[in-house]
Structures are given as structure tokens and as C-alpha cells.
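Two complexes come next, and they have one chain in common, chain A, joined by chain B in the first and chain C in the second.
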Partner chain A sequence: MGDWRLTDPAAYEPAPANAVTRERKWLKDLGPFVPIVALGGIAALTVDGFGTTPNLIAIIQASAITGIAAIGTAAITISGKFVSLSIEQQAVTSAYVFAALYTAGAPVLVAVLAAFLVAALLGLVQGYLVSRGLNPIVTTLAFGSVLFGTVVLLADNRTITLSPNPIAELGGGTTFGVPNQAIIFVILLAAGSFLLARTKFGRQLVLTGANPEAAKIIGIPTRRIIMIAFVVAALAAAVVGILVVGQVSQAKSDMFRGLTIDVVAAVLVGGIAIQGGEGQLWRAGYGAIVLTMLGNIMLLVGIDAGTRELLKGLLAGAVLISMTVLKARNR
Partner chain B sequence: MKGFLRMNTGFQVRIAILVTLLIGLSSSIPGFLSLANASSVIENVGLIGLVGTGIMLTMIVGQLDLAVASVAAVAAIMALSLAGDSLPLGIVVALVMAGLYGAVIGYVIDRTGVNSLVLTVCMLIALRGLALVMTPDRPAILPFEMFWVSDGLVAQWGPLTLMGIICLVAIGCVGLALRHTKLGLSMYAVGGNPERARGSGVSTARVYMAAFAGSAMLGAAAGILAALRSGSASGLGFESFLLAGITVAVVGGIPLEGGRGTVVNVLLGALIIRLISSAVALGGIPGSFESIAVGGILLAMLLLDYGLGRRRQSGAARSRAAALQNPSTHTNGG
Partner chain C sequence: MLEINNLSKSYGPVNALSDVSFTARRGKVTALLGENGAGKSTLVKALSGLIAPSSGAVLLDGRPVDLSSPEKAARSGLAVVQQEISVLSNLTVAENFMLASPSGVLRRRQAGARCRPYLDRLGLGHVPADAPVAELTIGERQLVEIARMLAQDANVLVLDEPTAALADHDIDLVHEAVRRLASENKVILYITHRLNELNEICDDVVVLRNGRLADRFETRHASINRVVQAMIGRELEELYPPRPEAGGMAAASVVELDKVTTDDLAEPFSMALRPGEIVATCGQLGSGLVEPLRAISGIVAARQGTIRFGAAGSGTASEGARIAYCSEDRQHDGFFNNRAVWESLSAPALAASGLWGFASPMRLRRSVDRIAERMTILPAYRERQVSALSGGNAQKVSIGKWLSNNPRILLLEEPTRGVDVGARAEIYAFLRKLADEGMAVLFASSDLDEVLGFGERVAIFHANRMVHQAPTDGLSRDALATWITHGGLEID
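Right after this comes the complex of A and B.
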């Protein structure tokens, strides 16, 4: 059946179509960057104080916290389990574990490792529940509520202040003029993207999200993959918790108010397909930078906090709807 | 029939929890059985029941609305801001706006197939921003000469308050509408199996629009009532509505897969949750214990329903497997 196609001129018909898709793919890869570059360019020319080095560094620093948490959460999204709604509580828990252990006299390294260990365990429990088929949104919402209550109860709702603060340099300092938080953000972004694109785990994660049944049939341990995704998200939240303790020298129960929502918005604006199986981890970081940059521009132009939130939500909604519509059309 | 019995296992467990709570709390906490406490529990059951009923509507059609708290804030601020001119007008405008907003959301979900959970998270952010824009300097407050409304709402009539009555009547109306109207029945049909419902001529657009409009309006009503009771509405307020609403729906036994659930479930869930809260308030237990208890009971109910669902599934799978295996075991044995 296929032989005549080789000699038939019609056989060449698919070629232009291929070229178009390749061109489209190229466009698709660079597409997300067009708005941010355009926006940045326009803002640099028209908004006073936007294009200055200190301001740009401030943007990267401000997006680092949301960005780091978003990179981890994106692992959950790509695995097909939407998002975690306990990011805030995870970060607070890690902050408290670290601060409490350090003020109790533990060495810095031990305190940091303990915070990571606790975070990983909590992530593992949630991942286990979700991998067994529980709804991720409601499970993490409930888990976050229990976690927050427990931490506040154990800490007696006190603020723990670190003096001296051993990681002040890590959380608030700069290296060659670049904030350390931003450096860690970029390193984690690179590491996460490598993990997803170049390792077996990354490919298994994507396949688990794209088609869990097929993934199971070809022997991917989908449950374990989902658990690892939740542990990754919890560890990213722990990094955030420790960095902010370093920055502000204290652990407080309301120190991460609104982080979960910011992270979800970053994941959406970055363009990670919420149904899973697609997207790269860097997109979450990218989403965080876009949102922070927009917020920064609006702040400089004098738009109030409420309007900034309003536009942020509408932007996330617009990206979500256009992605869904485009996807339906491509199919 | 078997399915019905098993569905009741979950219901029975919930009733057992409720009875245990009632007996335990009334015997251990002095003042728990007072009329004042009863009216406060019922009033708050009504309030979070209102929010939970809205979320239930979206759960029945197989979706989930996460924006209720922000809708409540915007509606409450809108109603109080207009109260200076006319309070009834403010309430009507706020409710109509909420209904229109919900209908648009439902329409978008039907047309684009976008994930409702995520779309409503975006709306949660956007409407919270709108609420802040509407209260730039200070919270919206009820004009002084309207304070009699607050007093009237919480005036005690035996174990009831006017506010409790309004909430319960509204919840009851939704329950009746779900059971006895064509739209209500088609909501269950769409939640059970959207494709089949569409095939049999149900307009999914109408059903989604009704569910999200209902959810937004009930959330708005709860926000307005809470704001009238306290006399003010701040741009950052009502945040607890989201967790409370989802908790009462799930704790009451409404499955997340859609297609099932009644207002009885919501009231049951709301009662369990409010009894715990009232025990925390009366018993001098640290407030953080409340979020542990509420989150814990939500997790426990999720696990319970998951276990029951699995048993149902594996039971069905086992009988299917047995039917398939029987001939082969025969040949193997022979």
C-alpha cells in the first residue's frame, strides 16, 4: 500500500505541513517569551525607575520565593494531580522546625536537615494519600489545616526570633551584587529542568501525568512517581521556609500568607497544562517572574494593591482559557 | 439496592459521629445545652451550610467552585456600600451580580471545557482584588441608623435566630428545587455522566450555569448575612468560607465524583463542624485545635469514603473476575 506513495507527487504533500508544524513548534517554544520581552521593553522605555539594575534585581529577588515554591509544585501539576493547597503550611512548618531547633541549640546544618526531613515526610504522606486516589485539592486543603493547627499549637502561637541569625547571609545577602535567593532560584530552576528533561524520573513523571493507565501498563511505578512529586514540592516549600527565616530572622505563623495562591497563579501563568503530562518546570519559575514583573510595573505606575490582584487573577484566567481552547482546537 | 446500603454505611458513620459529639460535649462542657449556645450553633450551621450548599451544587454537577469566599467578600461589600441609599436594593444588586457572574463562569466552563477548579482559583484571586479595590481605605460599614438590622438578625427566638431561620429556609428551598424541578434532576444526570446526559437532550450549559450561579449566589448571601450581623465587611474578610464550605460538603458525605448529594448531607456536615467549633469556644481549648480537628475530620471522611468506594469497586471487580475465571478454572481443573 505504501509503495506508490514514494513515486506519487502527492507523497510530498505532507512535507510543507511538516514544515509548518516545525515552524509552529519553534513559535510555540518562543511564544511565551514574546509577551514578557515586549512588556519589559515597553516598561523600560516608558516607566520611570523600571529599567534600573536595582529594580530588576529586586524583581528577581521578589519572584524567587514564589518561583522556588512554584518549581516544586509544578512537579505535582505535571504528574496530573493539579496543585497542592498546603504549600503555605509546608513552608511555615519548615520555618518553625528550623528556627525551633536552632534556638534550642542544634547546629545549623542539623536544623536545616531536620526541616528538610520533616518536609519530605509530610510531603510523602500527602503524596501517598493522593497516589492512592484521594482528591489532591481536598486532601492537601485538609492536611494543610491540620499541619497549620499543629504547628501553631506546638509553637504556642509565638514568633521565634533568631539572634544571632546564622543564615542571614543566605536568605538576605548578595553575591557579586545578585541576591542569594535569586541565585538559588536560578540553580533550582536549572536543576529542576534537567531533572525533568534528561532523567528517567522526569520522563516517567510526564508520562504519569499524560496517561496514568498507559504509564502503569508499561511498568512505570505511577504511585511512587506521584509520591516523589509531592516530596519534591514539599522540599521546595522547605527551601522557601528556610530562606525567608534567613531573610527576616524569625519564624511567624502568618509569614507566608497568600503564598499558595501566588504559586498556583505562577504555575498557571507559566502555561503549565493543568491536566498534567505537559510543561516544563522552568515555566513555573517563568510564571512567577512574569507576575512579579507585572506587579512591579503596576506598582511603579501607581496602581493600588487591589487592582494588581484583580489583574493578576484575570491574567491567570485568560492564560488558562486560551490554553484550553488552543489545545481543544489542535486536537 | 446493594449500592444504596453501602452508601448508607458512610451516612451511618456520620450520624454516629454526630451523636457521639452531642452526647460527649453536652456531658462534658457546662453551658453546652443552653438555649443561647443552641441558637448560636444553629445560626452558624445555617451560615456555613449556605456556603456548603452552594459548593454542593457545583460538586453535584461534577465540578468544584473555589471562589466562593471572594464572591462573598465582593457581595457583602457591595451590599453594605449601597446600604446608605437602600439596603434591600444593595442586597438585590449584590445577589443579581453574583448570579450573573456565576452564570458566565458556568457558560465558560461548558463552552471551553476548562477545569473549573483552576478557573475558579483565578476568580478567587481576581475577585479578592476587586474586594480590595472596593474598600481602598477602610472596611465597608453598615450605616449607624441601620444597626437595627444586625440586632434583628441575631434576636433570639427560642433556639433560633432570624438569621438562622433565613439560612435554613434558603437551604431548604435549594433542597426542594434539586428534588422536584427538572433543572435539579438534570444536575444529577450531568454530574453522573455528562456525555449520557447530553445525549439524552440535557443542556449541559444550562446545568453548569445554574450550578455556578447558585453557588455564587449562596456564597454571596452568606457573605451579606455575615456582614449584616457584624455590621462591616472588609476586603480581606470571609477567607474562612472556602475551607468551611468544602469541609461541610465532604464531611457531610457528598462525593467529589459528582452526581450525588443532598442538602441533608450539607446540614449533617455543618452540624458536625459547628459542634467542634463550639466545643473549642466553650471548652477553653486553644483556637489552633479547631483547625486540627476540622482538617482531621475532613481527612478522616475522605479516607472513609475512599475505603467504602474501594470496597464497592473491588466487590464488583471480584464478582466480574469470578464470572470470567469460572470457565477457565474448570478447564484447568479438567
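Right after this comes the complex of A and C.
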């Protein structure tokens, strides 16, 4: 097809820039890992009890809850709508729906399905509002507040205890020594990564986040995609809600206090671009593991709770700043 | 006199500027030319203190200039007016001046009096100091920005494509102001893609190519051929591809617009597009010239009238024709800047295949190979982010992405704005080829030469009306200019 070509594009664009781009991409990809790997290595050598198998398993189990919720939330982030701030309220709602239905005599499967259905509907409503142009942060903040209030009112702020607990094994048990929560976490992470990279929905989700205007003109149903992203996030929160009910055999209003912030931190620390259209899903899971590992190290070293929170916050900030600096240098 | 001595800037192994030396005389306008990627913007960034050169020096009247930060560059008397207008449109003219006030104290009452002389000097005597910038034309905003620089005692003005987005009247206004500044003994570096501006206002010409100085000469010794040859390193034979022989009866139209109006048009218009045709709409910015394209694409709704698609001119868009639409702002909605080129190229076909099912990245990559080849997008670029490409290559991505959908109608707003002359020739040749294969091409352009050279027919717009339709053969540039500025051939 060179017959009508008048100039060689290579003649007016410096081609070697390619090599530089690749080198910097590599730097950017690995940037967030460096401090974490270093920290893990140092901890394994110096902190008593950190490197032991039971402790590592405990870290993964504790990461699983944050991680599963973070996988779902990452769908919202990648679609370009930042994050949901109603994650813990969504999880609490699903926990209550499941526990209430089960204790009222519904079969386990029906209770689980109902919890998912309610979650999906709630996610759909928020996704609808955001896809029509409402600010996602404000929308989910307000929605979460209303949702939490409603659930606490309906439940009369009681703790619902499951006895017997039909999903104790699912939420708290192990398979070949590996916690079931961790197995579910890994399965969902793999499934989500596949969905994102190798399905039409996943690829169009990324494009929507990368440039919603271009996506719209090209014919990508951006509003529907955003709604689906919110439904996915709500379903992930529902998984978390049900798993924790299985683990602790009860549903109560403060069971997920602090989850939202942990999830948002995991998404960001993992390195999913907050402006959307960029990032692999495993990063969200990785972020969750990192945050849990830090908390664990500090606990083993004997740092008190207040200082732990402070240091965690500082570290998250440091990672974010290092990412921004790397990005700025890439200009 | 501004002297640039052996200026170099490298990014790792890439030399964006190597050993560039030239002088720009006081009281003269020096044109700085070059294709996208030639090093113009690197030079501008160095002069504005945004990047530090790897080596070399810049001297103003024999004294070295400190370019280590934008503040220091400004203090040394260098002022750069960027391509993107940076006056704040929700403030008044005077308030914009106050932002540049060196004392850092904002004195509202004095500001009006302070900016008056600068406005007058630039031919903005008719603009009140308390007018909101939003009410000014784009050209007037450009001049407010220049005036703001003057208020900071700038001796060297670097103007980066000041007329790229302007209508004819505004271009005259800017030219007038530039001439006046030159007569005040300023050094003016004038960057442009419009070659006809050379004769109009420039005294000297400096051409960069691949980061090096390719040629420099006085405008009176210049010919378009010499300029183009310096820019692209070889002779450009034809900018516009030859048109096919006028061949007998034309085929049935792919789209017919019958007495259509939109919210931005004052009167209904009718037109039709046939396969294989390249048709232009022409007018000044904001004259309504983009409305037919937007009505056909469905971006804006037709308020009245009917739009019929298909071979016989009947049916709706979905059954009659596949439509490709590129807006005038490709950065905004033409592609996915932070994703790889192949992702933008494959996106329309991906969207058309629905939301459910698998999509293999490898297969998507391969599916765009043929398009990338036709668009002369080098294989090495397909994995790169669109943001790393030059304006010309980015425009190829913006247009080329639609080919994955085999469109029958191609709608393009300002198809070569911000695209250098070499890539322009490629884009024209490419579009001609698509038309020859049976696509109908409709483009909106305020560039008269492009309309006459590339369009076969033209629909002329003035003041939100379609005022005339004619074949471009036999239409003179003067006649077209009169039509778009006055809406008729009689000047009253």
C-alpha cells in the first residue's frame, strides 16, 4: 500500500523514543513493589514470627475480605468513576439480608441468592444515578448513609446470631490447610482479571474509563457499562458480607467498620489509576495484601493501635506520592 | 537580538534538539517552521523555562538569559504565548491582567487603567477592560494574552500557532497586532502551520527538521517549494491527490437531507451525498458549517426535515449506512490517549460486536494490522500510546479507527487542523482512496485552500445559514472568501 505514500513517517518522528517509553513503563509498573518487597524481606529476617507459615496464611486470610471488596470496587475505578464510598454499608446490608432470611427459616441457597439480588439492585440504583452524571463520591456517600440507616432501623439495631451456622465452613474453614476465604479471593481475582482483559465487556470497561467521550462516539454503551461496574462492586461487597457472617456466625451493624477506607487504600496502593482506564485487577488484590502485611508486622513488633493507623496512613501516602513522582518524571 | 547558540536537548538516547543555532532580529518577525516532532515545541519549552536544555545558550542583546525556570525566563523578558489559550474566561479582561501583576497585590480599581494602554496598542481599543473574557472572540482572547505579556515588559514574544483556531477576521486582528509589536522593536518568534502567513507577516524563516536546523532565509528569498523541502527533506509533489475522471451518471445517494434544521441553524438546508464523492462544508468558525455532519451522525438532533439513508435514500442510519464521525477536537474524543494505538483502532469494531462474549487481545491486535498499514502507521507505533504520537499520526488513528467498521459515510470536522504538511498529504491521499472505493466523504473546513483543493463540491455557510452550494471547479478563492465572510457575492 506504499503507492500513495509521500513521506516516511519515521522521517519526522524520533523512533528511539519507543525504547525510552518501554523502559519507563517498566519502572512505573514495578515502582510500587520496591518498598513493599524490601519491607517484607526485612520483616522476614528481623521480626520474630513474621515468616512462619501460620502467620503468612493469617495475612492472606485477613487480606481476603478487603481484597474481594477491592476487586469489585476496582471495576468502578477502571470505569472512570473513582470509587464507591458505600462498600461497608453494602456489605452490612447483604449480611443482614442473609442472616435475617436464614433465621426466619429460608433455605441457605435462597437466603444467599436474596442477599445477592438485593445487593445487585442497590448497586444498579447507584450506577444509574452516577451514569446520568451525578458525582460518584457524593452519590455513594449519601446512598451508603441512607442505606445503613434503613438497615439498622429495620433490624432494630439487633445482632442476628446464626445457630446453627450453615456456612461456618465456607466463611471460616480451610481446605488442605488454606483458608476458604483466601481460595475464594484468588478465584475471584483470576476470574475478574480474565473478564477485564479477555471479554468484550472488560475491554469496553477499560475504554470507557480511558475516554468516555470517545467511547460514546464509537458506540460503546458507556452508561450501561458504568451501571454494570456498580453492580459488580455491590456483588463483591455481598460476597464479603456473607463470608464474614459465615466466619463469625452473626450479623451486626458495626461488623465492617473501616472496610471502605481499607478497600479504597488497597485500590490506590495497588496502583490502579484513580482517573480510570488503566490498571490490572491483580493490583487491587496486591494492595489489600500489602496493607494487611503492614498491619501484621506492626502488630508483631508491638506498635500500639493508634501508631499503627498513623503509620499505615503515612505509608499509603508515601506510595501514592512515589507513583505521582514517577508519573511526573515520565512526561 | 535573540541568539540561540548550539542549543541541544536530549531525552535519554533521543535528541529532540541537536545543536540548533540561529538569531532572531529585533523589529522583525521570525517564522519558526517544522513538522510535528521537528523540535519546535521542545525549543518553545526551553525558551519558556519549562525544560532545561542539555547544552547550549540563549543570549538576548549579547547577555545570557537565565532559563532555569518559567519565572526567571519571564523576568529576563521572554514571553511565550502557548497554543492553548490560558486567559481565564470567567474573569474580566482587567482581572486577567491582575493575575499577572508583579507585585502580587490585586488592585481592582487600578487594573482597568493599567491594562488600557496595552489593549489599545494591540488594536483592542473597542474592548472594555471590565468585559468578561468569555464574551470576546478567540482571536481577541489571544490578544489579551499577548497584552498581558507586554505588561510584564516582554522583549521577546514567542507565539505558538496563534492563528490555528481563528476565523479570518480574527487572523487579521492578530497579524495587525504582531506587525505593530515588531515595529516597537520586539523580537518575535512566530510558529505556524499556515504557510501563507509567511508572506503576510514574517521577515525571516527558520525551519527545523528532526531536531536540527534545516534551513534559514529571508522571506523575500522564499518559495513555498523551498519551505516545504526544508520541512520534509524532499520535494512534495502534490498536496492534493488528483480527482477521478467525472464518470457519467453518479450512483444513488447514500444520504439525503431534505429541509433539515438543527438548533444552531437559522434556516433549513438540503443536500445529498453520493458514494465516491468528497464534499466540503465551508464557513468561518461558528457559522454552522459543522451542522450537516452532526445532523447526519446523530450527534445533534434534526429539529425539522428528514434524513434518509441507504442506496435509494430511504431508511434509517442503522439499516442504510454505517457512519464514521470525527469531531474537530480529536484530543477530546478522537481516540484513547493513554491506551495503545491498536486499542483505539479496534474499538469501533469491538463496540459493534456487542457487550457479551470473549475478546482476545491478540486477535484484536491482528485485526487492525491491515488498517494500520493502509494508514501508514508504522508497526512500532501500534503498541505505543496514542499520546506519544505526533499530530499527524494521531489524526490517522482518529480517522483510521473507523475503518474497522467499514463505514459508507465518513464525516470529518477540520480533518487537518494541527497536522503538518507531510502528514496532510498522506491523509488526503488516503481519504481520496477511500472515496474511490465507494465511501462518501463529507468534511467541514474553514481552510479555503483545503476546501478548493480537496473538495469536489462545497456547501457554504454564513451566519448559521447554508448560503450556497457549488462545484469547486471554477470557484475562485476570492469568491469563496466573499461567500463565507458576507454570505453572498454582492458586498453591501
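Keep in mind that, in the parts below, the second predicted complex is superposed on the first by the 290 of 331 C-alpha atoms of A that agree within 3 Å, B and C clash if a C-alpha of one lies under 4 Å from a C-alpha of the other, contacts with A are read in each partner's own complex, and residues count from 1 in each chain.
Everything below uses one rule, namely that a contact is a pair of C-beta atoms (placed from the backbone, for glycine too) under 8 Å apart; a residue touches a chain by one contact, two chains touch by 3 or more.
Computed from a prediction, not measured in an experiment: that's the story for all the values here.
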Between chain B and chain C, whom does A:A197 touch in the aligned arrangement: first, second, both, or neither? second
Could you look at A:F82 and tell me whether it touches chain B, chain C, both or neither (first, second, both, neither)? first
Which of the two partners, first being chain B and second being chain C, lies in contact with A:A114: first, second, both, or neither? neither
Classify the contacts of A:S145 with the two partner chains as first (chain B alone), second (chain C alone), both, or neither. first
Per the touch rule above, chain B residues touching chain A in the complex are 64, 66, 108, 112-115, 117-119, 121-136, 235, 243, 246-247, 250, 256, 286, 288-296, 298-299, 302-303, 306, 310
Which residues of chain A touch chain C in their complex? 1-2, 4-7, 9-21, 23, 197-204, 206-207, 210-211, 213-221, 224-225, 277-278
So in the complex, which bits of chain C are touching chain A? 11-16, 35-38, 209-211, 232-234, 236-237, 241, 299, 325, 327, 332-339, 343-344, 347-348, 350-361, 364, 373-374, 376-378, 380-381, 384-385, 388-390, 392-393, 401, 420, 422-423, 425-426, 429-430, 433
The residues of chain A that touch chain B in their complex are 82, 129, 132-135, 137-139, 141-150, 152-153, 157, 261, 264-265, 268, 274-275, 304-314, 316-317, 320-321, 324-325, 328
